[in-house]
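The letters A, B, C and D name the chains in turn, as written, and every chain counts its residues from 1.
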Amino acid sequence: MKKVQKEKLEDLFERLAGDGVLYLPLEEDGVVNFAPWKKGARVNLEALNTVLPPKRAIFPQTETYMRFETDGKKLQIEQVEPVEGNYFLFGVRPCDMAGIKVLDKVFLDEPEDDIYSRRRQAGTILSLGCNDPHVSCFCSAFDLEPGFAPDADVALWDVGEVLLWKPLSEKGEKLTSSVEDLLEDASAEEERAAEEQRNSAAATVAAAAREHGWNVEGVEEALQDMFEAELWDKLYRRCLGCGICTYICPTCHCFDVEDFGKWQEGERFRCWDSCMFEEFTLHASGENPRPTQKERVRQRFMHKLCYYPSNFEGLYACVGCGRCVRQCPVSIDITQVIKEVGGVKSGS
Amino acid sequence: MRRIGVFICWCGANIAGTVDIEKVVEESKKIPGVAYAGEYRYMCSEIGQDMIRDTIIEQNLDRVVVAACSPRMHEPTFRRAAESAGLNPYLVQMANIREHCSWVHKDEEEATRKAVALVRTAVAKASRSVELFSQEIPVERRALVLGGGIAGIQAALDIADAGYEVDLVEKSPTIGGRMAQLDKTFPTLDCSACILTPKMVDASSHPNINLFTWSEVEQVEGYVGNFTVTIRKKARFVDEEKCTGCGDCFEKCPSKVDSEFDEGLVQRKAIYVPFPQAVPNVPVIDKENCRWFVKEKCRVCEKVCEAEAVDLEQEDELLEKRYGAVVVATGFDVLGLEEFGEFNYGKHPDIITSLEFERLVNASGPTGGKLLRPSNQEPPRNVVFVQCVGSRDKSRGKPYCSKICCMYTAKHTVLLKEKYPQSQAYVFYIDVRTGGKDFEEFHRRAVEENDAIYLRGQVGKVFPEGDKLLVEGVDSLSGKTVQIEADMVVLAAAMVPRTDAPEIARLLTLGTDAHSFFTEAHPKLRPVETHSAGVFLAGACQGPKDIPEAVAQASGSASKALGILSKETLLSDPCVSKVDESLCTGCLMCIDVCPYHAITEKTIEEKVHGEVVKRVVAEVNEAVCQGCGACSVACRPGAMNVKGFSNEQILAEVDAVCL
Amino acid sequence: MSVAREEHNFEPLIVAFCCNWCSYAGGDLAGTSRMSYPPNARVIRVPCSSRVSPNFILRAFQRGADGVLVAGCHPGDCHYITGNYHARRRLSILRRFLGFMGVEPERFEVHWISASEGGKFAEVMTEMPEKIRALGPNRKLRDAR
Amino acid sequence: MKNLQDTIREIAAQSLARGEVELVIGWEKGDLWWQSYPAFIEEEKEADRLIWDPLCVPNLSRYLLQELSEMDEKKIALFVKGCDALAFNQLLQDNRTVRERVVLYGIPCDGLVDPSKLEREGLDRDLQEVERDGEELVLKAAAGEEKRVPAKDYLYDKCLTCRYPNPVAYDQMLGETVPVEPEERFTGVRKLEELDYEDRFSYWAEQFSRCIRCFACRNVCPACSCIKCVFDLQEPRWLGKATEPSENAFYHIIRAYHVAGRCVDCGECSRVCPVDIPLQELNRKIILDINELYGEYDAGVDPEQEAPLITYKTDDPAAFTES
């Protein structure tokens, strides 16, 4: 295992930024989000979760992929290259890394989404283990470990003065050797400290999960029969119908396609869409198969906890990052759904 | 894809001299949706219009853009041309490449570039145009005339003579108005009563005219062709049918108050007929001053009336009437002179207004036509006339010229001389304005034959000294201060609208100027129409006027009203607001900003998630709406849209104009 | 086709919403009187200044206008009686708000131009581009796509 | 506080039991300490779910939009804080609610706790419950430990400037009215006005660049009560879906403009924004200008008063010559 001195991080960032775009948690007006690093940027590696998940780097909110031009009756179409080149995602939390894996299933399975795929390949992800999970963290419910993201290219741990550094993939190895001069070998003591932190973080989340009853076991099956359950009649009523929960979710991946036109020319882009919006399922005919917020709220939970796992071998489309739990203005809380559905199951 | 035809006009050299027509044609052809672009020397000519018509048919065009002069000029022309080819006229848009382009830009390249942009913008609007259809509005073929002065009487007679029923509503107990108060009229010196009274009688006896005196309009609803008006017929307390006009009642009535008709120079009774020739010649009880109504004792009039016409139990009546057109002829008032302390008006009986002077020289007036000083009932010798009291006076009075004062003052000097050849008239003036037939001649007669002394300058002070009035002024021509010992001072106070003009304006949604004169639809070309369709103006309510002008305008109004009444139905302008009920939230802010009360609320039922629910939405009365679009901006979701100037159209124009 | 937009040879593009009854007619009068003014402004005819939605104004800025003008009848002279009174409030609030957003007030002007004020129309059409030329092209609110 | 909470439960239970209303909207508690969220109580026995604590921030009035239309002629009881009552009045003025069908229970409010302020100082650790005791907050931890902190330091900024903590509309007031001691609310606006145009633009461009178009600011707003929002229309397409700087600015300018003269200054827009755009400042700029130009006006205080942007005076001032 390697390590990098925190005082050398600035050099490391400069090096990485020289080799591509370096996205990492930057603080601006008190809001921490993944953004391209520039010299002097305020890096915040302490913040547990960025407001928006790092998926933006791979699956941007708005992405133009086609330009067109008309000249009389002639139409010219030009594909817009999606890939900006190399990039690094630095400081991705294990839950967010798991979120990227959820997106991978959607976009990389056949038929492969070319734009996503090329972006995904161009990136190297350096994850950062959580030492001090928040009260709203429930990654352990999905068998994730807050301290470690096995799917990252490089795993990092913050142990005080240094970040421990462990390459996990080929890409990770390659990156490691390219910044060799900035790294040192980690001491056994440091490795032990990291290990302890990992265990303690995992224990904290697991304890909370036990305490609150955040157990997803059987939830997928239970929900199969719960399309008409009373639960939805209660839950949706306070929903404001905003898109916060979906846009800040590391696993949400729905998008819309729209044109921006200027007379004889224009472009086609895709952009995030939210199943919380009335327009999401609005047909051109005026018919809406999800006519009220009830159907929309149900859809979100059903998708995350039932439909998606049914499609992808039991993998839940929730990683327990807790963003929606924290950000929902009216506290619609997925953990309550898990608890209740779990309860329904055990009671039946 | 649309098939839009673009027709570019040279307007001779007017456009072609600055704009490269060929280039505009060439560029127009490149615009998406344009199927045809052509040019011609004069698009508005018959050949040009035929070309549009034929091309629409040959090229199977579904929209037309004419790049020519201002749409304010020829939009109707080109709409007709398109209509002749079977195209809905509202699918035509104009690009103004003359007034807004070729005439104001000198550089050909720049002008051509702008012309192309304007064509592109018009094409963008045209492509978002939809067919619009006028509505047929049935016409209630009756007219309302508001105000029974000479203008109102004339308008009523003209309309009635044409065969349509007219209701003539007058606020005071009699028709006749200001003209009835006058003695002689300038410049001919006809006796005012002699020419007015027959008209009053005509109006009252005309089978098509219904007189509503002592009545006021309380509420107006509806729109051109279909006004519904509530008239308050105030209790007269005298039965018009039974009254014989004997006059016993006001002979015996014990209560006295200042006579409005005689400008307060004498008193009348609480039950009264304003003047002997009043029409109708039926007394009215003035409730505020009647002993019975104030103190609950008396009823003398009731006792003396042999015809038993006095009915003290009478109550106001509210009548709801329908009309197709309205003529407003509410007349004028005289400016109050409180602000003009230097004249001491109201402080001395011999300081009077010109209207009071009219009463004093009038044979039916308080002095029986003998001009006497109110203070001592003696003939005056020196009379000072002051012009422009409150007129042409921005600071204390009105900035405008009251127009008639120069002439009536000249008349007054002539009348003075007629009555008292030894007398002397002095006239203080700013300018003497005699624009009118025989006006200047009349004025010269006053100066030359009657020796009226005209002093150019202003009066600084009028104050009593002994039994005389001392008038201090400046003769600005000689630069000297003038002091005149006068027996009487006559002030030509400014003409102002009636105090209730703003209320009338509100009822009928008329515009008013800063002084509350009603505004005409166009100062030159629509001088009797208002911005409220079907409402017309006559007389001094629109601005200072003399009698012939008021009469002419009244006849103009009448003929405009007849233009409506002679039709069974009217076609509405389809370029008005329209509600998309699916977007309307029912906040009804549109109602608040609508100047025409054209929007009302209605409850609709709709199916939401399988259940029928009721909700409130706005509804536009297309016949009342004038299409200003104030509602469309107050409407946040854009449920309210203006046909012909729709959100979609303007947005398309903005996008196209910015390219 | 569009007005030259290069910084060094900058010609501002102005979108002018003119009410049909006064300001558009004032523009017509400027034309019939053969007054001369620069071609920067392009007029969109609307029935009344009260028809001009802030949405249109912002859209013009988005699509590349360097300035936006709204012109209507003088207060008190509105063809629709009260339209410009509403416009006066709405657009005053909008103008200050755009200033708060950092858009220079010179870029959004409201003028009362009557049908008889051809001269004033030409004057506004001359002065507004001058002021905006000094500010340079508008990048604020503009859609860069 | 406990007393008030008991009263709330009692009243809710009573009015349901007596059949005066069919639904009571109040707040209930979630698993986590900050979760006090809207509760919809339809049965007497459920009334005990209702709570009152210094975290009951969500504005309940807006729910009338949905609940009233679904309940035909039925009546609803609603607990309203000062800001909720203003919101209710605004809905009333906008014809979006029916006074006769709503029973309002007024709750004088001495300010609500901003969880992020506690978190910033690490006071959220092991926190279970927050109580208000006079000028202090009592922070109760898991192990029964208590900590007292000055309440004022941890209230929402919007509460510190609140001018109507006592409900202006109610059928019955619960609890004692609280003193009204608002801090100056236009400080933020005035500070931004000190910047020159370039800096103002950069400031807002940066703020708007974070916007993810979740529409929470709109959806929570009691003045944004349109059935169909202009931003959601497909035709005409005023607002595209791309999170472009220009589109974001359009959205925020028009959003603020659409609530001009109707914004009750409840600050919910700022509170719910996940990326902390100071949206309330936008609304306040417009409030300030309306007050300055067309006379002081507080939306939601008197639903009978004419809103400033649907009326006029013939001698109104204009802001067209200012630069």
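By definition in this document, a contact is a pair of C-beta atoms (placed from the backbone, for glycine too) under 8 Å apart; a residue touches a chain by one contact, two chains touch by 3 or more.
What you see is a predicted model; the values in this text were computed from it and never measured.
Setting chain B aside while every other chain stays in place, the touching chains still form one piece. Note on chain placement: the centre of chain A and the centre of chain B lie 71 Å apart, centres being C-alpha means. Once the centre of each chain is set as its mean CA position, chain A and chain D turn out to be 30 Å apart.
Chain B and chain D have centres, each the mean of its CA atoms, that are 50 Å apart. Our note on geometry: chain A versus chain C, Cα centroid distance of 47 Å, whole angstroms. Chain contacts: chain A has residues 260, 262 touching two or more partner chains. In chain B, the positions touching at least two other chains are 593, 634, 647, 651, 655, 659. Shown for chain C are the residues in touch with two or more other chains, namely 54-55, 59, 63, 76, 82, 86, 90, 143, 145.
Contacts between chains leave no pair untouched here, as each chain touches all the others. Remark: chain B residues 30, 32, 609, 655-656, 659 touch chain A in the complex. Residues of chain C that touch chain B in their complex: 1-3, 13, 15, 20, 24-25, 27-32, 34-39, 42-48, 50-56, 59-60, 63-65, 76-83, 86, 90, 122, 125. Contacts from chain A toward chain B in the complex involve residues 70-72, 262-264, 291-292. Note for the complex: chain D touches chain B at residues 69, 94-96, 225-230, 233, 235-236, 238, 258, 306-307, 309-311. Listing the residues of chain A that touch chain C in their complex gives 64, 260, 262, 267.
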